[in-house]
Every structure is written in structure tokens, then in C-alpha cells.
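In what comes next, chain A is part of two complexes: it sits with chain B in the first one and with chain C in the second one.
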Partner chain A sequence: MNTPPSPNAPENRPVSAWQTATTTASSRARRRPGALTAGIALAVGSALVLSACSSGTAGPQEQAALTGSATEPVQGGVLEYGHLQEPNCIFGGWIQENFTARQVLDNLVSATEDGSVVPWIATDWEVSEDQLVWTLTLRDDVHFTDGTPLDAEAVAYNFDYWMDGGNGTAAAHLGGFYDHSEVVDADTVEIHLSAPFAPFLSTLSQSYFGLQSPTALQTRTVEENCTEPIGSGPFTVKDWKRGEYIEFERNEDYDWAPENARHQGPAYLEGIRWNIVPDGTSRYGSLLAGEMDAIGEVPAVNIAEARQRYDFTQYITPGRPVVINLNTERGIFTDQAVRQALSHATDREANIESAFLGTVPFEPSGYLSQSTPGYDADAAQQYPFDLEKANELLDGAGWTGRAEDGTRIKDGQRLQVKIVYGLNTIVTPDGNTAIQNFQEQARAAGFDIELRPLTPSENFSGAYSTPDSYDGSVGYWTSPHAGILNINYRPSTEEAPNGANTTFLDNEEVFTTIQQALQAPTDAEVTATFSEAQYQLSELAPAIGLYTQTNTLAVSDRVSGLWLEPAQGGPIFHDAHFTSEEARDSSQGFSAANAENEG
Partner chain B sequence: MTAQPQSQPRIPADAGTTGGVPAAPHPAGPVQSATWRRVPVTVWIAGVFAGLLLLAAFAPGVLATHDPRAITLGSPLAAPSWEHWFGTDQSGRDLYSRIVHGTTQSLLIGLGSAAVGVGLAVVFGSWAALGGRWADAVIGRAIEVLFAFPILLLAMVFIAVYGPSVQTLILAVGLGIAPGYARMVRAQVMSVRRSGYVQAAQALGHHPGRVLAQHILPNALRPLLAVLTLGIGQSIVWASGLAFLGFGVAPPSPEWGALLEAGRPYIIEAWWLEIIPGLAVLATALTATVLGKFVESTLEGER
Partner chain C sequence: MSVTTETLTTAPAQPSSPEPVRRGRPVTSTAALIGKKVLGALFVIWAAASITFLIQSLLPGDRATLLLNQQTGQVQERSAEELAPINEQFGFDDPLLVQYVTFLGGLLRGDLGISYTLYQPVTTVIGDQIVPTLVLTFTALAVAWALAIVLLLLTARRAPWVSRIFSGLESAAAALPQYWLGIILLVVFSLWLGLFPVVSGSGTAGLVLPALTLGIPLAGFLAQVMRAEFERTMDEPFVLTARARGMSDGGVRLRHVLRHSLLPGLSLTGWAVGAQFSAAVIAENVFARPGLGRVLVTAVNGRDLPVVCGVVMLVALVYVITNLIVDTAYILVDPRLKEAA
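For the complex of A and B:
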């Protein structure tokens, strides 16, 4: 096995990413029959919607760096932040919904740069010897913004809520493993699993597992909980003007930031205006013009300048990188040799270097991004650019004829495949360039690739998610651990379809290996078994790696203290503040207040 | 030449007679050779450009300097140079060659949608004007309903159903612009219908079809020619707008609207990716308009 240094940290992420808990001998696990099936079933529908996760950019070793000075922070002011995409809800199963959820909701634990977790709402944890019961000790001083205490009861309620459809991605992660929760006392809750799940804590650091007030969930409408979820986080939702902005207001009571926060107590800012600016040129331009104090998703073409002018942070998200998933169930890519041939056919490294102007790393692996704990660099390197090999494989597979335009032919059928991708939702304009470069390069081996960029509505409608709708589809999925393989490669069954399995791979050996990795007793075994799974997948070649999903943040000198959290690469505003009183006083304030003033 | 836009067909003073009926101003007499000396320079320029467009559309290989699909990974976003006259795009493809090769699709979209729009407009506009009160009321209301939909929205619905392609774009944009033209056609046909030469033809018992084909339509449509030629350029712009919204022709097509959309993220750093395809659309629209006006005024007998 070969584990390279994490690109986001100077040294390897310690294997303790899997487990930071102490093991105790308390095996009080009571399994609920059928829980596994139920869990998997829950994972189903929602997972489909989620397969398109986050976006971002990053410079190695800059991740989560504080962006400013540490002198007495200025209080107040509304920070203007420019963001690429608008979420459907503040909290949900899509990565964009995690970025907003993180401002409003707290988690049980917080991820750190080295892949481990630190206390947040949970101050301590233990796992039973059989690894089936996690006992979490909670802070006793936390309440939601509606006054409901955040206690063991609330945590147990939230677990059931996520798994019963409250969050599809949460259910996709823990489906088949979560059994039930038990309240021990006000500050202690037991999470019972039906099978060991090594990356349990790391999983909980994602905002899919943001804690909401049970009172709010029970008494308010779905719409209210969508647009204005009640959490215990550093901000609350003040206003949301769809298509324009979301305003967050400081939670004055906040005094339970995670251990890795830069300060304790309420946020320095009075609030944030989270502006939706989909066009990259406009977004960067608004930062240049001083309309924004910070922006996310700096276009590749602006990164060199942004590094000079602004406090610039780039973060490579762990999980599945941006890959082409090949349809192994129907069509031309059911032939493994053809999949392997396409993997060899193009110079992906040169392609990514050119398309992103050298700002985003090439990712050879089709399965895990290089910042994921457990990433195996050798397994990732099995398909270097080798046109000769690609041609041999295709010849061997019977694609020996050639049409006038160079496309290979077998039994009268052209080697023609359709690749679909959500443009501007999943794939940025720079990524679009990379995909077109791939298309053009693959012609040399005799592939005729038809590209079909999907509009946002087409992408989210699910019209292009069935085996008969594409030969290849492009996607990524952030996850702080290699357990993402279980989400992406668990075979669909009738009672538990898996919409996240976009290659439709149904391979017993791979699935078994992934299950063994998730349940392995030691960190070393977890890593070794995931490594084996990566080799097995690599041989089957159901996916082709393109580039890492990276998050970027460019911050003007008017503000300081922003950082990107490591689990998913979202911006953290709790520690942000204006750098001077002049800068703060020139901020516009909340829209409603402006309207009143003008009125 | 002193072409003056006219909203009403003009009957030349020396109009002859055919079968006792005062001849309609159409058809005009042959253009006389002396006319050519008085063709304005703008028309010459437009003519030359139209020739280039046709050459690019039918034999792009003659004008292009590179393979429009060939990528050069080392040199994305290169500024215009001797090697790449219009610079290169984000994949290092030669922009000049892509614009040349995109002419076919763009002209097809421009001409095609204008033809679809006008075709529908002539049928329904004439029907409304000549079909009696009920036909006029029904078609008139239908046109008003269609007017209530923004063209882009209508086109997007159409493309959402049938999927993006050149053919869909032509139909979508054609449908979108048809109501406006239909209303103009209706107004023109109505006014021509009441003119003396039509009434004379009807009084002489000519077959209604002949009256329509020989007298009404030619005179009703001629003043619309300039508007229609403008529509060609406008259709290309509509198609670009649809491409901008993700409803355009799939990559790596060098259709001009798709080029405009693809260059958008680089508008500050690589201006040529927006400005030059934009100029191609503009020049084509201008060419169509100049030639259209010239033909219109020539047909009207401006000498």
C-alpha cells in the first residue's frame, strides 16, 4: 500500500481519522431486526439527488488558514459574501445546503485538518468493544435558538430524523449501519449500530448531521424548516430572497463553538449577506469592485491574480473527485476492456493542467480524491496515458473497423458514447473545458464522444440518472473518509435501490471488500482494506478520474478571520470580523434595515 | 440611391395595364445596368461579406487555417497573433477557424428561424386578414396569447421537450418570432386588400387564389422585407441567448452562440472570445439588413 502525503496537510493524515475514540467493553448493543434493510431503503431516493456535491478550489497547506490579524477584533457589521450556487434549503443533502447549514446548525464533532475530529456538542465519546454502541457525552449548556435544550433527547431525535428521510445523504452514509439511539441521561446518548462503522465520528462532522431543534421539526411546516431551520449555531436565518441573497444574523447566545474554532463566544459579525452570484466573472468582479468582502469559487483564470491581491485559500475536498462514471450495466461500456481503453486513451494530466491553468490538481483516481484518508496513490495510477495500450485493448475487444472520421466500428456499430454532466451545477466552466479536451483527445483512439451538458433543471430532475440515459456521467461527492465508496458502489437491489451508484456496478467482490473495510477493527486494517478495494475498482475501471473538487475563498483586506472547514470545505464566518471600524461602518447592513431607512 | 422606406405600395405613374386591370407595382421591371453604378459602397461591402459567408458555409475548409476541433493544451487563451488570427479559446483551439466552421450552423439557425417565423406569419397573418371576422378574432387572440410569453421562455419550453439541436433551435426561435411577424402581415394584407388594384381584380372576377398570390401577398410582404432581414441577425442572437442559458448546440460545436457562451467566463482575460464572435453575429445581421433594404428598394422601383 502506498499512502501519499495528504495534499491538504504537510504530513500524512494520521490513520486515527477512522477512530479517535477509546474502546470500552460495554456491549449493550441491541439490534433491531430489519434495521439494515430499512436503513438502506432510506438511503435510496435521497442519495440520487445528492450525487452532485460540493465545489471549490485550494492551495496545498493553505486550507483552513486564518486569513487575518489577531488583534482585538472589530465587532459588528454585515459581511458581503459572494457564492456560486443557491441551495434548495438551508439544510439538506446537497453540498450547497451544507455550506449554509454550517452557519446555522452545530454538529456533534468537528473535523480537523489532519482528518481526526475534536469535541463540539459532544465533549467525549466511547465505543463498545464490538464497535456497535457509541456513547456520546454532550455539553449541558447548549440550547437551540427557540429555547429548546440541545440534550440527549434532541440528539436521539435528530438521528432518527436524518435516517427517516430528514437528510438523504446522512441516510446514505449510515444506512445499513444505524440501528437506533438510546437516551441514557440528559447529557448522554447511545447510538446503536447494526454493524461496526469505522468512520462513524468523521461522518458526523459533516453538516448533513447538523442538529436541529426537535420542537421546530415537530411543530413547524416542512417549508419553514427548509428556509429557516432552527439550530444552535452561530447565526440564524434572517431573510432569504430567492435568487439574490440569504441573510444570516448573529446568535447572541452562542457560546459553544467547536474546539478548533478560532474563538469562543458569539460571532464578531452582526451578520452575513450570502449573495448568490452564479457568473464567475461577475463574482470576481464584485470582489474587485469592493461590493463583496469575500467570494467563493474563484474562476481558474482569476486565481493567479487573486493570490496576489487577496487573502486566498484553496481546499481540496476529500471524497470522490470529479470523475466520468461509466455505465457498466448497459451499452458499450459494459465491456471492461473498452472502459480500460478509454482510461488509457487520453493525457488527462496535461488536459487538467491546461484547462485549469495549473490551479487545480489532476486526480488520476476515479474513486477517491488525493486528500481522502485511505487514498492509495499507486492504485490511482493504473491508467497512465498510453494510446498504444488503448488501441490494443479496443482491437482485442473487436472494435477493429474504422469509419471515415476515424471512429472505430464493430459489427456495424460505431464506438459512439454519450456523456452527460450538469453544467454550472456539478461542472464549472473550467471543468467543461476539461471534458471537451477529453472528448477531443479520445478521438485518437477511435472514440466518438457526444457531450450533453445538462441544465440545472435537467440535472436535478433525475431524467439523466437511469442506465438507459447515458454511457457516462460526470460527478463528484465530498466525504471526509473513504466510506464514500460504500455509497457509490453498493449495488442497487429491488428493495434498496442505490441512486448514488452512477456506474451501476454490481460486483460482489468490491462490495464485500468495502464492507470489510468499514467494519475493520483497527485503523491500519481499515486503510489496508480500502486500499484493496481501490485496486479492485481500478481493475474493473468503472470510472475515470479527472480533477479534484476544490473549494476556494478570496477575502479582501477589509475582513479577516474567515476559514474553510476541513470536512467539506465550506466557509466559516463565526470567527470573521472587519479589520477596521471604517470598513465595518461602510458595510451596508441588512437589506430590511436599509429599506426602512430609505422609507 | 435614395431609398425611402414606404409603408404603402406605390403605384408607378407609368404602370401599364394587364387585362384591363391596373398592374400592381409587382413585379418590378428588370434592374437596369445603369443602376449598378449607383449601388452604394455599403451594399458592395455587404455583398462581398455575404459571399464570404456563403463560402464559409459551403466550403469552410477553403477559409479556415486550422482544424476547428484540434486542441492545443499548451496554449489556452492565446491572444490574436499571426499564427492564430483571432486567438485561441480555453482549449487552445483556433478561434478564426471555429468561427468559419460555425458559419453553416449559425446561418442555418438565422435563415431557418426567420423562414419558419415568416412562413407561419404569412399563413396565419393572411388567414386572419382574409378569413373573415371569426378567423381574425381567433387568430388575433391566439397571437396575443403567444405575445404574452417571452420568446426565450417559449423557446426554452420547446427545447426542454425536444432536446437541444440546430433543428430544435430553428423551430424554437422561429415559433418565438412568428407572432410579431404575423401581426405585421395581417395589418399589411388588410391594407393592401382594400387598395384599388385588388378591388379592381376582384371586380373583374379573378380567382381569389390568383388575387392573393399575384396582387395581395407580393405587395403586402415587400415592406416587411427589411424587418425580415433584421430577423435573421436577431434569430442568431436569440440562439446565442439560448446557448447562454444552456439550451444551445452541444459542444464542441462552433456555432456562434455557443462560442459566445463558451467565452463568457473569460471576458476580462480573453476579450477576443466574446468580441470577435459577437462581431461575426453583428456583421452578418448588418449584411442581411443592408442587402434586404437594397433589394426592397430595388423592387419598389427606386431608380
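For the complex of A and C:
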């Protein structure tokens, strides 16, 4: 319902599914045993087809005819999908650009719901004893849609491209760890790190690490690679009418879907029309009216109904949830007791429940969201609502005086703090309500909180990102693993500044623990060490958890087989299909203008 | 007659049109007049571009940081090392005067630059979006005029309660928030009745509701300013004369009175065209239409200077052209103005 949902609000809003996601298990078609069986039958079916037609000339229609089973999904049709925000480019560092990139580009590995990864372009991997060299074995049959082979050479080229400015977010993840790539042979590439990095593979499952054709990157303009990147994925960009829709067309050669895809071979759909529908009422209305087959970002007021009427999925984003980061370098929050007091001072759980009408989970942790592998639920629960405790802590810290309005005073200074946040970019209108509730509730403990919503331009220009510009700042950062703690809590130094450390926390102990976690040799040790880091952070209280970033998908019964991929929660259309031939035939197909162009 | 003349010449008192009609000295030739108009138009466009450039350049916050943060979806400080390539690429480090001269030089060559965030030439960005915006703006304008004129002819100076009710309705229409109106139209006509698509896109059927969303409030404004003039003119002696000649009431209203009341409506139109451009973003969002409104909002949020300047100059140009047309229309509506000139 927010009028201008700021199309370029670079919300880092990945979305995944493993950890949580489903609100009701039955609401997810793909979890139903029936659907699973069908998936397996299908996989077997296409394997048979492959061996039968090794010449590889069988088109999708022939395949359907060959397998001929009743469970074979309907082929063809253009699916209408309604999406909130328009990306600037198909591939980029913004989460919106990841959703589109995922349709066109393949990754080395694919994330699964339990936080592990499965083969995709890389079929096998091995890490050296010192954890500094990852050897990836690649499929030998993959080519980009411009004909360039996707081989070791191409992978090495892409690593250097991401790190040298091709993708700022990819660089934020691997910066300080990536050293160089070495081509061993056509199907083998070595990635050399400068320091061990346990969540390496999980990191690569995000679409910031989508593989593009080196030929295209080298020979085409920035604009061409922005609007029509060349990948090896299940779809290619057919047309992009800015402000209206992006059309994706099936890649007929596609035969290298990730291991956790629901089927192998080309997509069932002829294509997708990815409509940009910014207004919530219109987006949900277009699904009700049957204009859309599926929509993302179901408005909070419609979620209860959508659960009943549609195949509804909610994805809880892993990484840093939406939290208030407290400035530990300057001002009132340099005192740990005051930070702890504010953490105890309000009933955050009731607040989130009411602000979001119960549609978005409360997140007690200020550091990791509950869907992040390695999340420690006990460490997250250290600051329940306890006004008495908050008052004790503030009394102990010397904030004993009271002004007329109830604000605490110490040495003539009021307990007055400023919290800044990007409204409608980082924080949704519902989130804004939650922050206002928080402000109101904190008065009881004697906090006078000034809220300062920021325009997109103020927010992103860095004017409110310095230690002298705020006491608290609201933000989130999506990541499929707990390694996000290293991005958010690595102390900033002269040689290696870290602007992502928005609490300005400079704590050697926490930093060391995080480094140990990143370098731990086994998964169990990684988890245990990250738990320790969460307890240490919790004690220091540099951040206060509010709610999880979520992504939703509602699908009509005309189509089936859509899912949200677990690394970032983007919708996957490769396995989607119309549920009947009538439904397919009533779909519009690609826009007429294009059809004419094609002749 | 003196009363009418006075009314007519004072009516078009809108600020944007430099009163083309009544000058003390005779205008030398049509060519000189056109030359003056063109120079004036160029000045307006130059001024619009320069002011936009200055504001966008001088707003607090660092532009390179903004671009980098937007590319990665983060809100944070950036190191000089990170910012150097961006400053280098876009010349943010150059003295402001140098940046301005570069910018103006580009304008003179017809080069509006390349969008910082879309990597497309600004002319392409605008070219892709201008048609739906113009179509929406002018359809809304036509809808507004049609509604206003029908309302006036049927209801002005009728039984007092009729006039009062419709005058009240016009005020209410003029005060309608476009966002609210758009949602109501969407829910009623698209969702309940299923008469129009929810997602309008750029098709013809999808034009109706957005045009009504913008047109209905404007119709309220237009009818209000014209109603006063219409009702006053109905009291003029020449109306009585016309009636005395045996002319029907409808004929009097349509052929004599309406003409008088058009002038304030025309003045308002000069302003409305520009205002519709900015209101278009609301209709574009609600009905998921492409258009310049959304491009402009996105560009302002991202401080995508080339795109902002391009759109602002275009809007200035549309203003200038519309006001030229309005000036001409005055003369057509009231030929006496031509003689005066």
C-alpha cells in the first residue's frame, strides 16, 4: 500500500526457504508427498529420454510424447508473475537484481533448505588441508547461450570480474578472503583464498555469484550486459519494457539444472512475463482477477486470505534481521549498561505481533535471523521484556535524575538518543509502526528517542552513516550463513575500513571468535564457535533485534511447481508449469509486438 | 459591452503565460514575435536545467557513496579507495564549474548523458517512457475538459439547488486525493465489475481508469473556475438579446456563454499539463503503467542527475509548448484579442 515503494530502494532482501519458511507445511505444494513422487517419476522419465535420444535433438514436445506418462506437466505457455520492485539491471549487487539474475544465470552450487549445498555447475569440490585452496570440478557439457563454453577458464574469469567491480556485494562477501583463481584443466579450477573461509560454498550459492559468458562481458557494452546478460540459465531475457515488464524466454538447450531442481531439461514454460506492479492493492488484485498467475510480496493485510485461497509460501531471510544498531563509538550508547537497558526496556514481541498483524516473525536476536544456519536461539533470548531490570541497569549507570517529562538525567544530560532509518527503502510502513511503538514503550524506562526517517537519497549518500550522525540506525543484511557476522563486526581499521560495521563495535574478543568460526575445520565446530560469538555479542548488546525480513509468494491453481530458492528466496520458474492445457491456452503468450518482430 | 471586454482581458491572468496580447507598442512582425517566443522558451529550459543541476550537485551527502551503496543495497560509509573509480568515471571530483560546463556542452550537442544507474543514454530512457506519459496526460486532460463542459452546460445557473449540488460535487472532485480515487476506481471497476484490467500496462483498455484518476479531480477544478464566469455571463445583456432573438436555452449556453467561460479554463490548462506530469506517478503506481513519473521519482531518489535533468527539461519544454498553444487558443476563442495585439 505504500505509494512509491521506491523502485530503486536497494533492499537487501534475500529470501530463502529452508530454515522456516513454510508457515503451514501443507501450504507448500512441493512438500506434498504426491508432488514429490511426481518429481521423482519425472526425473527418471527424463533420464530415459536422454539415453533414448543421445543425439540430443529431441525438443520438449517430443520428450513429452516419449515419456507420455499422465504425470508429465503441461508444456508451454507464458506465466504472468507480479513483482514489487523493478531492478536497475538483470544482474547486480542489489537483491532485486538477484531475483532476475537467477532466471538467466547459473551458479556453481545450489543451496538447499538445510543450509548445505548441492552440485550445480560444479559437480564436486575439495578443500585443501589448510583450507586455502578450493578445487572445483565442473560439468563438461555446459555452454552459455552465446555458445561460449562454461569451463574452468570462464569460472576463473567470473571470479575476477566479481571482485574487480563487477558485483559490489559479491566483493563484500569474499573481499579479504579471495586471492586468485587457477585453471587446472578445462573442467577443473582452483580458487585460492588468502584466509580460510568456511562458508565459501554457501556464499557462492547466491545470485551475486551468477556466471556470465566471458565473451559477452568482454565484447559487449555495459548497457547490454546490464539489460540482457548472457548466462547459461533456464531462461534468456527476451524483452524489457521498463516500468512495465521483463519477458524471459525458455533456453531450449538447458540441461544442467541444480541437483535440487524438481526436474532436469529445459523449462516447461515457454516463458515468464515478470510484471512490475508496485502497488500492493493492485498486485494482490491482479492475482484475484486472474491477470497474474503468481505474485511476490503479498501485502500484510491480504496474507490471511492468501493462505486460504492460494498456494502461499513465506520465506524468512537468513543473515542479519531488521535490527537497531547502537553506536558504540560515540554518545550515550558507548555505555554497555545503557545498551542492555534499552534491550530490556520494551516488549518487542508484542510490538512486532501488533505492527505486522502477526504475519512477520519477531526476531529477538540483534545479530542473526532465526533462519540462518548456526543461529543460537538461547543466545538470542538474553533480553526479554523486563522493565525492572532496565531501570536497575540505568540507575546503576548513573542515570538517576528525572526530567519533568520522565526522561532520565545524568549530570544535567538527558537520556536522549536519535535513531535513523531509511523509510520505505530499508523499513516498510509496517516496520515504521514497530519502530514508533518501540520509541513509545521505551519512555517508561526514561528514554527519549528521536526518530529520524531518511529519504532514499539521504540514506544511501552516507550522510547518516558516520559515528557522529546517529545513536541508533536500523538495518538488515541478507546472507545465507552466519559469516555475515564477519561483515558486520570486523573492526574498521585505517588500512581496511569497514563501513558495514554500523555499530562501530571494536572488540578484539568477538572478532577473534568470528575468525575462528570461519576457519573451523568441521561444520559442528563452525556452529559451536558461531554460538560463542552470538553469546559474546549478546553480552555487549550493540544491537537490538526487531523482526525478520520475509518474502512471500502466492500462486494460483492455474500453475504449479514454483518454489523459492533457499539462498535468497527468489522465485524459481524452471520447474513451473500450467496445471491444464486450458489454463495454458488461456495465457496470453508473449506480447504481440515481439511476435511480429520475430516474424 | 465594455463590461465584457474588461472581464475577458483580466481573466487570463495566469503567471506562466507572458500575456502575449496587450502590449503598448505594435509588434513589428510575426517573425519577431516567434523569435521572441523561441528565445523565451530556450531561456526557460536552460534555467530549468541549470537549477536542477545545481540542486542535485549541492544536496548534502556524497554522490559517489550514493551510487556505490545503491549498487550493493547497503547504507554505509565508503573509503576513498572504493570511491575513487566512481569519482573518476563520472567526474564528481572536478570543480563544480567544470562539471557544469561539461554538462552544458553535452546539452548543446543534444547529449543528455548516460544514466548513472541504468547505464542507458538518457535519451533512450526518456524515449522509452515518454509516449505512455503523454498519452495519459492528454487523455486525462481531454476527460477533464469533457466532464467539465458537460457539467456546466447541464447544471450551471439552473434551479438553485441543482447548481448548488453540482458546484459542491465539483469542489469535492477537485479535492479528491488521486491515490485514493485510483484505488477506489481499481477496486470497483477492475476487481468487482471486471470491466478493466487491474494491471493496465500500456494498452488502450488500461488507459481508462488512470485517465479518470487524473481527469476527475482536474474536471472539478476546471468546472469550478469556469462556473463562476459562466454564471456571470448568463446575466449579461447580450444573453437577453440572444434569447429575445428566439434562441433556445441550449443554443445560448453552447454558442454564446460557454465561449466566455472557456478562458479561465484555458489558463488553468496551461498549469494542469505540467501538474499532470507529476501526478502521473500516482496513476502509474496504482495501475502499474510505465511512464516518466516513475522514472523521475526513481531518478530523484537515486540522484541520477542526467535522468533528472533530462526529465525536468522535458517537462519545462512541455510547459512552454502548452502555454504557446494556450496563448493561441485565447485568440481563437476571443478574436478581439488578436486585434488588440
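Please note the rule applied: the second predicted complex is superposed on the first by the 518 of 599 C-alpha atoms of A that agree within 3 Å, B and C clash if a C-alpha of one lies under 4 Å from a C-alpha of the other, contacts with A are read in each partner's own complex, and residues count from 1 in each chain.
Everything that follows uses one rule, which is that a contact is a pair of C-beta atoms (placed from the backbone, for glycine too) under 8 Å apart; a residue touches a chain by one contact, two chains touch by 3 or more.
Worth saying up front: this structure is predicted, and the values here are computed from it rather than measured.
Novice: Based on the superposed arrangement, let me know which partner A:G499 touches: chain B (first), chain C (second), both, or neither?
Specialist: second
Novice: When the two structures are overlaid on chain A, which partner does A:A350 contact: first (chain B), second (chain C), both, or neither?
Specialist: After superposition on chain A, A:A350 lies in contact with chain B alone.
Novice: Between chain B (first) and chain C (second), which, if any, makes contact with A:G285: first, second, both or neither?
Specialist: both
Novice: Which partner chains sit in contact with A:T433 here, chain B, chain C, both or neither? Use first/second/both/neither.
Specialist: first
Novice: Using the superposition on chain A described above, determine whether A:G475 touches chain B (first), chain C (second), both, or neither.
Specialist: Second partner only, chain C.
Novice: Pick one for A:T455: touches chain B only (first), chain C only (second), both, or neither.
Specialist: Once the two structures are laid over each other on A, A:T455 reaches both partners.
Novice: Give the label of whichever partner, chain B or chain C, reaches more residues of chain A.
Specialist: Result: the larger residue contact count on chain A belongs to C.
Novice: Considering only the touch criterion stated at the top, classify A:T512 as touching first (chain B), second (chain C), both, or neither.
Specialist: Once the two structures are laid over each other on A, A:T512 reaches no partner at all.
Novice: Check the residue A:N88 against both partner chains and state whether it touches chain B (first), chain C (second), both, or neither.
Specialist: Touch partner of A:N88: chain C, not chain B.
Novice: Per the definitions at the top, what is the overlap between the chain A residues touching chain B and those touching chain C?
Specialist: 279, 281, 285, 455-458
Novice: Could you list, by residue number, the parts of chain A that touch chain B in their complex?
Specialist: Residue positions touching the partner: 279-281, 285, 299, 301-302, 347, 350-351, 353-355, 357, 423-424, 429-430, 432-433, 436-437, 439-441, 443, 450-458.
Novice: Residue numbers of chain A touching chain C in their complex, please.
Specialist: 3-12, 82, 88-89, 92-95, 165, 168-169, 172, 222-223, 226-227, 241-245, 275-279, 281-283, 285-286, 288-289, 291-292, 422, 426, 455-466, 473, 475, 477, 497, 499-500, 502
Novice: Looking at the complex, which residues from chain B come into contact with chain A?
Specialist: Checking each residue of chain B against chain A gives 69-71, 73-74, 76-77, 90-92, 160, 245-247, 250-252, 262, 264-270.
Novice: Once bound in the complex, which stretches of chain C touch chain A?
Specialist: Residue list for chain C touching chain A: 59-63, 65-66, 68-79, 85, 117-120, 125, 128-129, 132, 179, 183, 186-187, 190-191, 194, 197-199, 201-202, 281-282, 284-291, 294-295, 297-298, 300-303.
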